[in-house]
Amino acid sequence: MATHDKTINHDRSRSIILSIVKHNIFIPCAFLTMLLLVNIFINPGFLKISMGADSNGHPVLIGNLINILSNATELVILAIGMTLVTASSKGQDISVGATLAISGGVVMRVLCGNETQPDSLHAPIIVALILGCLAGMACGAFNGILVSRFKIQPMIATLILFTAGRSIASMAMGGLKPKAVSSFGYYGNFIPGFPIPTPILITIGIVIVTMLTLKLTNLGLYTRAVGVNAKASSLNGLNPTMIKFLTFVVLGFCVGIAGFVQSSRVQTVNPYTIVPGIEMDVILAVALGGNSLGGGKFNMTGSIIGAYTIQTLTSMLMTLNVNTNAVPVFKAAIIVVLVVIQSSVVKAFFNKKMGELKSRKNSGKGNDTYVVVE
Amino acid sequence: MQDEILKMRGINKSFPGVRALQNVDFTLFEGEIHALMGENGAGKSTLIKVLTGVYAKEGGEIRLRGLDKPVTIKSPQEAQKLGISTVYQEITLCPNLTVAENMFIGRAEEVIVNWKKRIDKTNAILASLGISAKATQQLSSCSIAVQQMVAIARAVDMECKVLILDEPTSSLDDQEVAKLFSLMRDLKNRGVGIIFVTHFLEQVYEVCDKITVLRNGELIGEYLIKDLPRVALVSKMLGKELGDLSALQNETACDISRQKDIVVEVKGLSGDSGIRPFDFKTCKGEVTGFAGLLGSGRSECVRAIFGADHVTGGEIKIKGKPVHITSPLKAMKNGIGYLSEDRKSDGIIGDLSVRENMILALQVMRGFFKPFSKAQAYAFADEYIKLLGIKTASADTPISSLSGGNQQKVILARWLLTHPDYLILDEPTRGIDIGTKVDIQKLVLKLADEGMSITFISSEIEEMLRTCSRLIVMRDLNIVGELKGEDMTQDRIMHTIAGGATNHGDS
Amino acid sequence: MKKLVSMVLALMLVFSLVACDAKDKAKDDGKITVGVVQTNANESDWRTANTKSMNEAFAAAGFETKMVFGEGDHAKQIAQAQQLIQEEVDYLVILGLQSAGWEDVAKAAKEAGIPLIMADRELELSEDLYTAMVCSDFEAEGVKAVDWLKAQNMDTVDIVVLGGDTGSSAQLGRSKAIEEGAATNGWNIVFNQNMKGWDETLAKQAVTDLIASGKEFNVIYAENDNMARGACDAMDAAGITYGKDGDVKVIAFDANKWALEKVLAGEFNLDIECNPLHGPRLVSLIQSLEKGEKVEKNVYVEEEMFDAETITQAIVDARSY
């Protein structure tokens, strides 16, 4: 082993590069950078952020990057919860779109009551936010009980709310489609006078809370332990049922926040069309972040970067004005590349190539203590 | 002189930072049972994986009888085609298929399958090898031993010339081992060359003709069984003279006297695992053992004490205070630690690092909102890596990439970190190399000396005799006897297990 | 083998029970039963008005209504239609999510002697397979918008097209009209994408992105009111003026009451009606058919358009939905 250490000391610089390349968020980061570069290439003004003013004269930041950061909010928040659920339960929650409709619907109902165009809010916004989150957490708890207590596969358990959720949302709204006053729109757009879109601030807040939670509690360790080996975890005093349940409730909370932001964007919720197909985007974000959908270890930073990658892609295809019918094909083609590059087969291939490169360089230097014979 | 059927020369293989094999030679003759011995990490499995095409060799050559050129084996399928078959410790067949289906799966010889013919053929093979299974039986309904034999029969039917048995006896009881051995001898007479990898020295001397010893990836030598006494074998595997083991035996005697403060007292405990109500107590600094055959209830007893299985009745007192243990966490909070029997499925958390595996139990006891800082966790990990001599690249290495013995040491460290008053070790030495075995036995005695009560369970009676000061003997989910002091001999244990005991303890 | 036979028998039993059940329920009180295959229960304000109109008109005329919702699922709608035919309704009204794929349903209805009436969106059926229709001519609506735009005599025309659900006849017709109109008049379409679900949010995101990437445009052609509202939100946020006195002209479709209020306020320049009040038309159609009168097969619903220059408070007040 001593000889090996010496080899590393010999050229530390390369080993730093190697360790960066091998770091588990390198690939997700590289993708995002690549996509951004493509965007800049197509549209040189892509990175430009300018200060404009809205129709009331309040200053606002305008730019593609700002849009991506702002529009990715729901995806990022959901990806955080989905990462935990994936790690603990070895499956995904496909009902997040439908439950987001429910929590958004609850928010609208609380704010608008039974009126379609009320002149004022019926309840303080904080009440709507709390009730929206509680609705999301209740849905999460429902899924969580099915998965953890009744041991139903996550995909099947969450299929129930996936199917029924949007109708439940419609019922929660009393069959109405109200539009709240524009002051409710501060949370999905701008707070007058402050030029950074509020969703970006909310994302930053949630990300900080997540990172602090992972640092200050054992949520991460417990989730991973249960995901990797539930049986062994229970012999170490953990309660796998409880932890799986907990991760679903956490996802439910994320759904609640995302539903609040989403309903604030246009101050109205159409339960049947809100966030179409977001569940797949969220799962994809988790996968792009380098997480195994088979559970176990997880990489939260990766998931967050994955979410931004998908939003960049969506936004890119939108601004490129690709024919609508071709958009899914483009998206699929790019995603195939991203997923394949991250597959273990390709990774192993690159590791091997890298190992060969390393050993060739070493033997070239006459380092006779570590020669791999080929 | 018989023919050489396999000749490996100058095999090299390295992994990042480790040279797993250096210039290893290995020769196998027709009709020979050849033991491949070495501690964990000596290179046995690497050599076998090179031979079966799982790893590509980086140097050297492999020659097979009947081929005039050296061969390069790229995959296990190719190895099978060349007549090299492997039966692993873990059954690699499909338990949900029938025996006949398992015999023929993955061997697409014909397009249209005549199942009747296959079933007949399977039955014929099973009969000729004396395996008590039916072709139409579902594999999972056979015992592990029979499953293993079916795997061997499959290999034989594929006209293998080289049969590799990788730790086949780890999960078998004595009768099953005997059956397996007779099958091996039968195959030997048919001219099959068998490579036998095992940790059990007795079995090597019972069945093998030759021994090749590896250590640290290097070839130590090839010996005829009659030329190599056991002590010499062990010392070659360890690379040192064998004073350790005998020294150990002397230490045990002193433990019996301590009968003062009772740490754990169990009365009429029963669990839903089927264990009959039992009584048990242990004192400070005492090493107790549960002896019995596989399935006799020895694990079920300790699992009930730890709350790992649902407890249906009885009471537990810790240091004289009644406690209600319903879950492992409660047991842990009452100062009980439990190293589980099946390291792979119940012990290690595979993808997590050595550090995380080590601190897990202590962390859980400490609580959800009080995680250890990274520095603290590293300090713990480094301390125990040093203390127990765990061989790992770093504290961040995933535990699954460690050898079995080192994994076990990590799990042991996990429980030592919680500083339990009563530590239960269920088969802590199964499937690990002899060096680590000795380390663990020594550690047990040292901990007991420091005042910890320990229950030590092992399938190897000698090991229990060496470490325990009192043995509880079990049969059919009942405690059938208790032995201590002079009574603790291999003969007495055998008799008690078999039911001829006079000593019906205090249960 | 035994298992298979018993399974088939069990399935047959279940089916026959369902069939009996359905037949038993069918008319015994002489009331006319109308089966309606509606798209979505709560798709938009337009749809809500549409559903309400049918329910109220049928109830007033003494019909029994069996309304089912496809909820965005084309295949589900077809299954629902087949089910209604099984239940032997007297009239089958279909408001298809997609225009294609209805031949089998139409044939089954014909065999069962149930008159099939297409409503809202035209289906791709040959003339012998349906009895009548109460449809909007979406392309004609689009052409109205194109004619209006032409009359504005603008120097340059840079259009943003916000399409509806891909493949629905409303989207196909309205998009076709503007694409052809742009080609013949030399207008420039800077953006043409379909927004899933006819929703504010996606339209808003699209226009926000367009503004950020610096694309110039002076016409928003939004294929429903909601998307127009989303586009306006986006322009508000970027300080771009629109409507009667603004830089960007906003064209919307459907003409909900709240949208007409926006037209009156000068926020939308033009809103083209797509009348959702199919109920009374369907009632009179069914009543004529009951009397054995011959009805015109291909009649489109008459649509109005509302210009910000000419709209009055009275028009808005007269709007019931």
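Order of writing sets the labels: A, B and C. Residues in every chain begin at 1.
Everything that follows uses one rule, which is that a contact is a pair of C-beta atoms (placed from the backbone, for glycine too) under 8 Å apart; a residue touches a chain by one contact, two chains touch by 3 or more.
Only a predicted model underlies this, so the values are computations on that prediction, with no experimental measurement involved.
Q: By Cα centroids, which chain is closest to the centre of the whole protein?
A: A
Q: Please indicate which chain is farthest from chain C, where distance is taken between mean Cα coordinates of the chains.
A: In terms of C-alpha centroids, the chain at the greatest distance from chain C is B.
Q: Using the average of all C-alpha atoms in each chain as its centre, how far is it in Å between chain A and chain B?
A: Chain centres of chain A and chain B, defined by C-alpha means, are spaced 43 Å apart.
Q: So the centre of each chain is just the mean of its C-alpha atoms; given that, what is the distance between chain B and chain C in Å?
A: Spacing between the chain centres: roughly 70 Å.
Q: Return the distance between the CA-based centres of chain A and chain C, expressed in whole Å.
A: Here chain A and chain C have centroids separated by 35 Å.
Q: Inside the complex, what are the residues of chain C that reach chain A?
A: Going through chain C, the ones touching chain A are 40-45, 48, 71-72, 163, 166, 190-194, 196-202, 204-206, 208-215, 226, 229-230, 233, 235-241, 258.
Q: Enumerate the contact residues on chain B facing chain A in the complex.
A: Interface residues on the chain B side: 12, 14, 16-17, 58-59, 306, 308, 327-329, 332, 338, 340, 345-352, 356, 360-361, 363-365, 367-371, 414.
Q: Using the touch rule from the top, collect the residues of chain A that touch chain C in their complex.
A: Touching chain C from chain A are residues 43, 45-46, 48, 52-55, 57, 60, 62-64, 66-67, 71, 117, 166-167, 170, 175, 177, 179, 185, 189-190, 262, 265-266, 268, 270-277, 315, 318-319, 321, 324-325, 327.
Q: Considering only the defined contacts, which chain A positions touch chain B in the complex?
A: 1, 4, 215-219, 221-222, 224-225, 228-229, 231-239, 296-297, 355, 372-374
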